[in-house]
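The structures come next, written out as structure tokens.
The two complexes that follow have chain A in common; it is paired with chain B in the first and with chain C in the second.
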Partner chain A sequence: MKVVTGVVGNDIHVVANRLIDISLQARGFEVFNLGVNTHLEEFIDAAVESDADIILISSLNGEAEGWCRDLQFLRAEYALKNVVFVIGGNLSVGEAKDEDIVPKYESYGFDLVFHQVDLNTGLDKLEEFLGKRS
Partner chain B sequence: MSLHQKERDIIVQNEYVDNFDFSEIEEFITNASKDLFISHKFKNSSTTLVQPRGGFPTYNKQYELYEEFEKADIDVMPLTIDSHTRLNDYGSAKKMLMLSEANEVDMLNGYPLVNHGYRNTRKMVTHFNRPVSLRHGTPDARLLIETALASGIFEIEGGPITYLLPYSKNFPLDKAFLYWKYVERVCANYSGLNEPINRESFGPLTATLVPPCITIVIQLLEMLLSLEEGVKSFSVSFAQTGSVNQDAVMANVIRKMADFYAKKIGVEDATINLVYHQWMGAFPRNKEFSDSLINTSSFIASLVRADKIIIKTRDEAFGIPTMQCNAQSVANTKYTFKVLKGLPPIVDEEEEAILEEEIHSIMEAVFNDSADTLWRKTFNSIKNGIIDVPFSPHIINHNAVVTIRDEHSNIRIIEKGNLPISEKCFAYEKSKVKLSEDKTTVINKIIEDIGVMHE
Partner chain C sequence: MSKLLIDVGSTYFKISSDDGVEQQFRDFSKTIFDDLTSKFGDTINKYNKESVHICSSANGGLSTLIIGLTNSFSLKYAKNIAFNSGINIIDTVLYHHIDKSAVPGDLLDVVIVVGGIDSVGGIYDDKLFKYLEKLSYSNIVYVGSQKDAQYLSKNIESLVVLENIITDKLKMKEEALKEYLTNLYQQDIVGKEDIKHLYELTSNQIYSTPYIVNQSLPYVDARHEVINPFIVVDIGGATTDIHYSRDLSRENMLSESEYDRLVFKKLGVYKSKESLIFAAKNNEFVYELLNYLNVTENILEQTDEKALRVLMQLSIFLVLCKVSTHNSMYITLNLHLLKSIVLTGGITKVLSFEEVESIVQFFYKKILHTTAIPTILLDSNYDIWTLGMNAIEDKRIENVN
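Here is the complex of A and B:
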């Protein structure tokens, strides 16, 4: 399966991005890594171009919220119905609870939301989700 | 008028800059106090020089910082530049400087040197009369360096590779080479007037499991690009790896290789210094542990007889340290050096031989590139993954090299990508680590190895 991944916004936290890349590869995914400082539109463009199954967005500095509000519109516009949208990392500036954060991002159009979840736990859940769907 | 001088005249004409009086600047440098030149201090000092980091937005706060450092009998003053200036955004820097001045809140993470200008900054530099080192992270540092040299700042850190690959996603690398060529040339031209201007490369790179051979190759290439333009005093550097033995091996090898490659391009009259960076990765959140880590770093610097050490503070995990904390760290490191004298050197012949062979193989591949100049050969080698920096955010970097720590915390290469190291060396690297078959376990080990000092 093909995954487009990257860090959204003006966020240069590259270490986590590289670890996501090699972890996905280790699990057998074909990875298109857009790297740090990536805009939401670039994720969509890359998914269309690569015919990706999954878009996995990460954020560490907490500015993802500002960037991801438009996701539902873009998702409708490009008819990316079958693409799984995943976001993970540190999803708010300052402290926030899971029960507030997860529904908020789900309402933006994400299928899976991982706020401060360990990388491998998140990827296990992604695989479980894909397994159920198929 | 030469092309170079024409370029200089264009660079310094900027709405944020007072006019540059080049003949006055030459006269100032010619007659400047020897105490401002770190190259002079290196020649006349037998211990490791101590330098912290530090830069505040306003002139007054920078001045206060220097007063604190002076009390701690600092060897080299730092001048850290803010991030807007690093991106040549002098407009934003000016606005944030004005806000900092009006509200006494620091709105910048460093000193906006271009906005302060050389006439003001020179007053501060000459008042304290100690060498100042410019720390920045700027791909196009032409105006910044003109301003620094005119201010009496006679050590310039950075380089086209070391200030780009760790910090930028898509600033064009070829442009960075040309902008730094300009910097080298200006430094070289001023070096004939008084004591030489010292250039220093930034060895820590991403500070994330970078293998010694890649660090040293990049140090050598930036050194050669600088010496080619006529620079006469250059510092190669690297950061604490996490293994005392590997640090000792790196120090011995980098010294030997720097001499060897300088001679290879026909330069015999340049002074090469060694700079050691205290741990550059994530720090413990326990301040007592931080003190311990910092002391260990100082011990290693003393062991490898570094010419200069760049220090951290116990507040590293929490952000920019206070002036007092920073000055205390200087005093502590100086105390540690006073205690540690005449340590017996560590020599590990087997490790040194392997590392030297790896470096020669990569350097040979760079020199064998078909391009006509060294900077183009280096550019192509980075593009081809012959040089590959782990965890660089830059799009040109290959990201194919994977490293991990062995049982003694030495950084070892387990995936070599396009690194042209021999099968023998690669087999040696791999023989040091027992890897799990399960890739997820390996990745978890890498995550652990990155945060090795974290508690």
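Here is the complex of A and C:
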């Protein structure tokens, strides 16, 4: 399966991005890594050009919310019905509770939301989700 | 052996001989050949055809329409390659909007179709063919997913299929399309009646001016006053060109060349004066800028020397604005990193160093909020152009040997 990944917005935290790339490849995914500083539209466009199955966004500096509000709109624009949208990292500025954050990002159109969740736990859940779907 | 270099621009001629560089406005009631020989005939006669080198941007360049799958990849990469190949006039169509997209009425020199990495198929359908039926074009080239190449070839007459410009890792691969477009451009220049006539003056190939400037950039970099990363701004009569070091853009465009080119179609101080003024009036900082220059907006309606100077200063400001902010143009340059600005073209004959410097200071203070500005160089002797012409000649000799 093909995954487009990267760090959204003006976010330059690169370490997790490298780990995500390596871990996804180790799990057998074909990875398109857009790196840091990636705009939401670029994720979508990359999925269109590569016919990807999954978009996995990471955000560490807490600004993801501002960058992801337009997701529903962009998703409809390209009719990306079957693409799984995943986001993880530090999804808010400062302290925040999962029960506030998860529904908010789900309402933006994300299928899986991992706020301050360890990478391998998140990827296990992703594979579980894909398994159930197919 | 001494050489005579001639540049045929949209607004003026310039020539560089042993006596230095001269420029003169063109007379549009005459053909290029007659105009050139009446103005510089005596000088030209002193040289044999082998020693005369001509470049031209007067034919306006090729027009292209690009049909692509997304803004961030297919269209961005194809536009970038087209600009670097010397093409000025570009329209784009996003494939999923194609049935709602306007159909340009003019004859297009080339249509570029692009989209998808090689493993993706089934991207295009009848919508594409219906749209193409309504278009008039001389050439059509496909540089997208190889999986769809056969299907498109079957359905589109005279389709040229080249290597995909998008790699399997979504990076840009420019060589094949660039070579194709550069050759088309070259054929176009040679084919234009007006330019054909100029071969009576030279036995060397006539090149496009942007190509010449592009060739000179490594030499510009080698000069000690210029510090990398730099930009070369060529404000002409009809368009403004920016050539920039790739280090200034954070795009994912890996390729051989270190320099890219951007063209602002309607930003020139003569032929495109009206649209330059229009752009200026729509810029929120322009009134402050006019105030800073101690003039009022009435100056924009005037035609004297002072007005021309202000217009040129405005165009420097507008161009810097256009590349510094994220807008619908496809590229944003990180001007905080910029070390040198080199200005070339007719502007260097009109503006003084201080006039240019004050505009750059205004721009950096107002838009980038810093008082530190890059070093500024005025290429008033057209060294860049001379370097580029000589670079091409050196390359040719190298190839012969």
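Quick note on the criterion: the second predicted complex is superposed on the first by the 134 of 134 C-alpha atoms of A that agree within 3 Å, B and C clash if a C-alpha of one lies under 4 Å from a C-alpha of the other, contacts with A are read in each partner's own complex, and residues count from 1 in each chain.
The definition used in the following text is that a contact is a pair of C-beta atoms (placed from the backbone, for glycine too) under 8 Å apart; a residue touches a chain by one contact, two chains touch by 3 or more.
Since the model is a prediction, treat every value here as computed from it, not as a measurement.
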Inset, instruction - State whether A:N120 touches chain B only (first), chain C only (second), both chains, or neither. - result: first
Inset, instruction - Quick one: classify A:L19 as touching chain B (first), chain C (second), both or neither. - result: first
Inset, instruction - Have a look at where A:V93 lands relative to chain B and chain C in the superposition and call it first, second, both or neither. - result: neither
Inset, instruction - Report for A:S50: first if it touches chain B alone, second if chain C alone, otherwise both or neither. - result: second
Inset, instruction - Name the contact category of A:N37: first (chain B only), second (chain C only), both, or neither. - result: both
Legend entry - Which superposed partner A:A76 touches (first chain B, second chain C, both, neither): neither
Inset, instruction - Identify the overlap between the chain B-contacting and the chain C-contacting residues of chain A. - result: 35, 37
Legend entry - Residue ranges of chain A touching chain B (in the complex, touch as defined): 12, 14-15, 17-19, 21-23, 26-27, 35-37, 119-120
Legend entry - Touching residues (chain side chain A, partner chain C) in the complex: 32, 34-35, 37, 39, 41-42, 44-46, 48-51, 77-78
Legend entry - Of chain C, residues touching chain A in the complex: 69-74, 96, 115-117, 119-120, 166, 169-170, 250, 252
Inset, instruction - Can you check the complex and tell me which residues of chain B touch chain A? - result: 167, 169, 206, 208, 390-393, 395, 399, 402, 439-440, 442-444, 446-447, 450
